[in-house]
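Both complexes below contain chain A, partnered by chain B and then by chain C.
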Partner chain A sequence: MMNPLIPLFVAVPLAGAFLTMILSRFITAIPRYMALAVLLFLTFISFWSLITGGDGSSVYTLGGWEPVEGVPIGLYLIHDGFSALLLCLISLVGLLSVTYSVSYMARYTSENYFYSLFCLMIAGMNGVVLSGDIFNIYVFLELSAISSYALVAFGVEKNELEATLKYQVLGVVASLMILFAIGFIYWSAKTLNIADIRTVFSAGYDNSYYLLIQILLLTGFGLKAAMIPFHAWLPDAHSSAPSPISAMLSGVLIKAVGIYVIIRLFFNMFEVTEGMSIVITTLGALSMAVGVFLAIGQWDIKRLLAYHSISQMGYVVMSVGIGMILMARGIRSEVAALAITGGIFHMLNHAAFKGLLFLNAGAIEYSVGTRDLREMGGLAKGMPVTSATSLAASLSISGIPPFNGFFSKLIIIVAAVMGHFYFLALLAVIVSIITLASFMKFQRYAFYNVEPGKIRNDIKEVPAPMLLSMITLAVVCLLLSLLALPGLRETVLSPATDILMDQFKYSSQITGM
Partner chain B sequence: MKGMTVIVKKTTQLIAGIVFLYGIYIILHGHLTPGGGFAGGVIVAGSFILLILAYGSDFLNLVKEERGSTTYENLAILVFLFLALTGMIAGTRIFFANWLPHGTPGELVSAGFLPLYNIFVGIEVAASILTIFLALIIFKEEVLK
Partner chain C sequence: MTVYWLCFILFLVGLYGVITRRNLIKIAISLSVMEFSCFLFLALIGYTEGGVAPIVDTADPVKTYVDPLPQAMVLTAIVIGLATTAMLMAVIIRIYRKYGTFDIREINNLRG
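Right, the complex of A and B next:
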């Protein structure tokens, strides 16, 4: 079955980006409405595809080039259980960020460039998630990365330019490593299609060569995903960008172009080996533990949130890594499935609560004019909605029931215990407690701590579009916890786990073997 | 921006047209010979850049040219995307489907959509390289002010 909507995920935001640039010459208000319309449409079709797709996957052959004797010769877009979830995530967080930007970006000049770059970034991420061809992944990755370099520097102040330079240099290093790896793959496998590479490599490969490719790809995408030894760019870039962009970068971009690709390649392109899965689990555990210790000392809200992104992504990678180790050993596949489900679930949850937290930080910056926690205090009175929604997000990230973060962390910890990874389970609990401490600090200094003589009555709540985005995301944070229920978990999360766990499902749908 | 000496101006005058035509040749024969939209587009942009460098241009003109090239760039991408999307309505109803008659292989007008794609990629690349060049000069002039 071929879903005719699939190419629109890339074509519509691209068309929106360039139409915006032309039409804004004549009508100055058009960019924001164009971006809103594009994102509304994408949200609609992504949820439509998720609901109607069921647990099957849909392969779209661009130009109608069917495989010849089981060898794919064209470009493929693949919409399966895993990419469907990511597409919904990108569209939903994107839509809410654009709604938020309508008020927030009114302070900046050249709004048309902002919305045009925003649509380009969305097109790039959708392309990465849908593409079934590793070189196309690289092309779309660069599309989203280059637009995000420009968006981080959108304020053109000194620290924004410094952050974007750092981001660009490390981003280019990552892209080069990925390109090298793709070159090596093409040299040895003579194909660039992910499913076909799997088939070629399963017939036999040179072990050291295989390892080199894996390490280059893990380093490249690890840099994009800001895993711990490669994290240096993230706190600067994510804290200097305008807040809706920070929400997009932290909430979606590092997942779509980093974590998603790592998971997709190491499950569906390479065979799961024990050595590599231990490396991935170690990287995840390291990010989780070191990220939170770097976060707790921060006084700049957005830097604090950025370091927490590293730590929370560590949870995802560690959990998926536990699943990989169990798969490689060939034991207890139900625990492996649980661990991978937990990782994917936490990834969805993180997009919701971290997006919300960055929007809250932006609202505080909008009203108070500072990002330093020490200069705030007592904002709960003047900004009740921001305070309430940020409390929801803080409880969610620290893993307090009934919010979504609790359920995904619970699944991860239960899976770690069931797989006899007691140390990792303990580490996850400790990191969660430190996260709670760090968000108690955030709540106290920002919203409650009223020092005598520093009471500010001039603080007003932010405009309605910003409130709408924040409230919607807070509701999404609550609703996502429903995915832990047995019925919903099977229909939404299990297709994603199945496509990763099954050795042949992904490649057989393309090569037909 | 100031122009260069009369020798450079005269030489440029003589070769710019040839460079431009060669770029167009590469674009139009993209589906038959090596090269195509990208390579030809760079050559076409090169002829414009030669003229601007040799003759110089005042600041306001540069800004005007930059707006023009940006518009061409955006329009070319939109037309390209539109051509790809027509495949979803006509013929086999697939994105990027080549539903025009393919003609005889080896002739200039053949291969359905490929020459059209090459032409619009050529316009896009020429316009965007010119835009980058103009943006760099405009930035330099602004700094000098």
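Right, the complex of A and C next:
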């Protein structure tokens, strides 16, 4: 089955970015409506593809280059269970961020550049998620990375420039490691197609090359995903960017270009080996634990949220790593499936609640004019909607039922216990408790704690488009917890787990054999 | 084999420069050195001893051709490299205007 909508995921935002720049010369108000229209369209087609796609995946061959004797020769865009979820995530969080930007970005100049870069970033991320060719992944990754460098620096003040410099230097080093690894892959496999590389490597490989490629790719994408030894750029970049961009970066960019690609490559391109899965699990557990400890001492709201992003991504990687270890040992595949499902579910949930938290932080900055928790207090009275939505997001991230974070963390911890990883399960519980403590601090200092003499009556609620985005995301946080129900879990999350765990499904859909 | 090792050494030279240099311009140059080592590596992969340009000649079917795919990759990668270098330079010029220095030790508003 072929879904004719697939190329539109990349083409429409690219065209949007281009037209925004041209048309804004004639009509000044066009950029925001153009971006809104593009994202609305993408949201519609991504959900439509998710619903109608079902179990099956569809492959689009660019230029119509069909495989010859089972060897793919063209470029492929692949829409399967896993990429469908990521596409929905990117479009939905993107749409809400643009809605939010309509009011938020009014205080900045050059709106047309902002919306144009935003569309480019979306095109890059959609491309990374859909591409079935490793060099193509690199090209789309650079597209989204370069536009995000520019968006982080959008305020062009001292802090923004310093943050973007760090982000950029580390980002370029990461990209070059990935490019070097792609060179090695092409050298030893003589192909760039992910499924074909799998076929070539499964026929036999030189172990030292294989290890070098894996380590280069893990370092490169680990830098992009800000796993713990490589995290230095994330808190600066995510806290200095304009808030809707922080929501995009933390909510979807580190997942689409970091975690997604790591998972995709290590499941569908390389064979799952025990050594590598232990490395990945360790990276995840380390990020989870160290990230939350770094977050405790922060007083800048956005910096606190950025460190929590590292910690929550650690949950995803650790959980997927547990699944990989069990797969490599070839035992208890139902527990492995549960762990991977938990990881993917937590990834979706994190996009919803971390996007919402960054939008809340932006709303506070918009109304109060500071990001320092010590200078706030009693905002709950002036900003009831922001307060309520941020409470929902805080409860989600700390894992309190009935919000979505509880269910995904529960699945992860249950899978860890069932796989006999008792230490990791304990660590996950402890990190969750510290997260709760950290968000209680956030809630108390920002919204409730009123010191005498510091009561501020001049605080007003933010404009309607910003409220709309925050309320929608809060509802999404609640609705996502429905995915834990047995019926929905099988239809939405299981196709993603299947495509990762099945050894042959991914490659057979391309070669048609 | 030696050329591949030289390529890898060039990559490491660039990485060393990124890590040890204090001047922003020198960091940008080191990143470019890394970039070019990657391009060189890709171009070397496609090279075949005695190969000619890959235009299929029906009169002489036994001709050896160089692999055209890495060359296409290098062209794409050079364009991307141009974009990243331009972006980096734009940011460095802005930083010089704000801070009045290229020294990375004095650009430390953000901690951690």
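One rule holds in what follows: the second predicted complex is superposed on the first by the 513 of 513 C-alpha atoms of A that agree within 3 Å, B and C clash if a C-alpha of one lies under 4 Å from a C-alpha of the other, contacts with A are read in each partner's own complex, and residues count from 1 in each chain.
Heads up, the rule we're going with is that contacts are C-beta pairs under 8 Å (C-beta built on N, C-alpha and C of every residue); 3 or more make two chains touch, one makes a residue touch a chain.
What you see is a predicted model, and the numbers here were worked out from it, not measured in a lab.
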Combined model on chain A: chain C and chain B, fit or clash: fit
Which of chain B and chain C A:L179 touches, first, second, both or neither: second
Partner chain(s) touched by A:D133 [first = chain B, second = chain C, both, neither]: neither
Contacts of A:G64 with chain B and chain C, given as first, second, both or neither: first
Touching partner for A:D196 - first (chain B), second (chain C), both, neither: neither
Which superposed partner A:L294 touches (first chain B, second chain C, both, neither): second
Residues of chain A touched, compared between chain B and chain C (which is higher): C
Degrees between the directions from chain A toward chain B and toward chain C, using C-alpha centres, nearest 10: 40
Contacts of A:M21 with chain B and chain C, given as first, second, both or neither: first
Partner chain in contact with A:Y149 - chain B first, chain C second, else both or neither: second
Lowest C-alpha to C-alpha distance for chain C against chain B (Å): 7
Touching residues on chain A, where the partner in the complex is chain C: 135, 138-139, 142, 146, 149-150, 153, 156-159, 161-165, 168-169, 172-173, 175-176, 179-180, 182-183, 186-187, 192, 235-236, 240, 294, 303
Residues of chain C touching chain A in the complex: 11, 15, 18, 24, 27, 31, 34-35, 38, 41-42, 45, 69-70, 73, 76-77, 80, 83-84, 87-88, 91-92, 94-95, 98-99, 107-110, 112
Touching residues on chain B, where the partner in the complex is chain A: 70-71, 74-75, 77-78, 81, 84-85, 87-88, 92-98
Sites on chain A touched by chain B in the complex: 4, 7, 11, 14-15, 18-19, 21-22, 25, 60-64
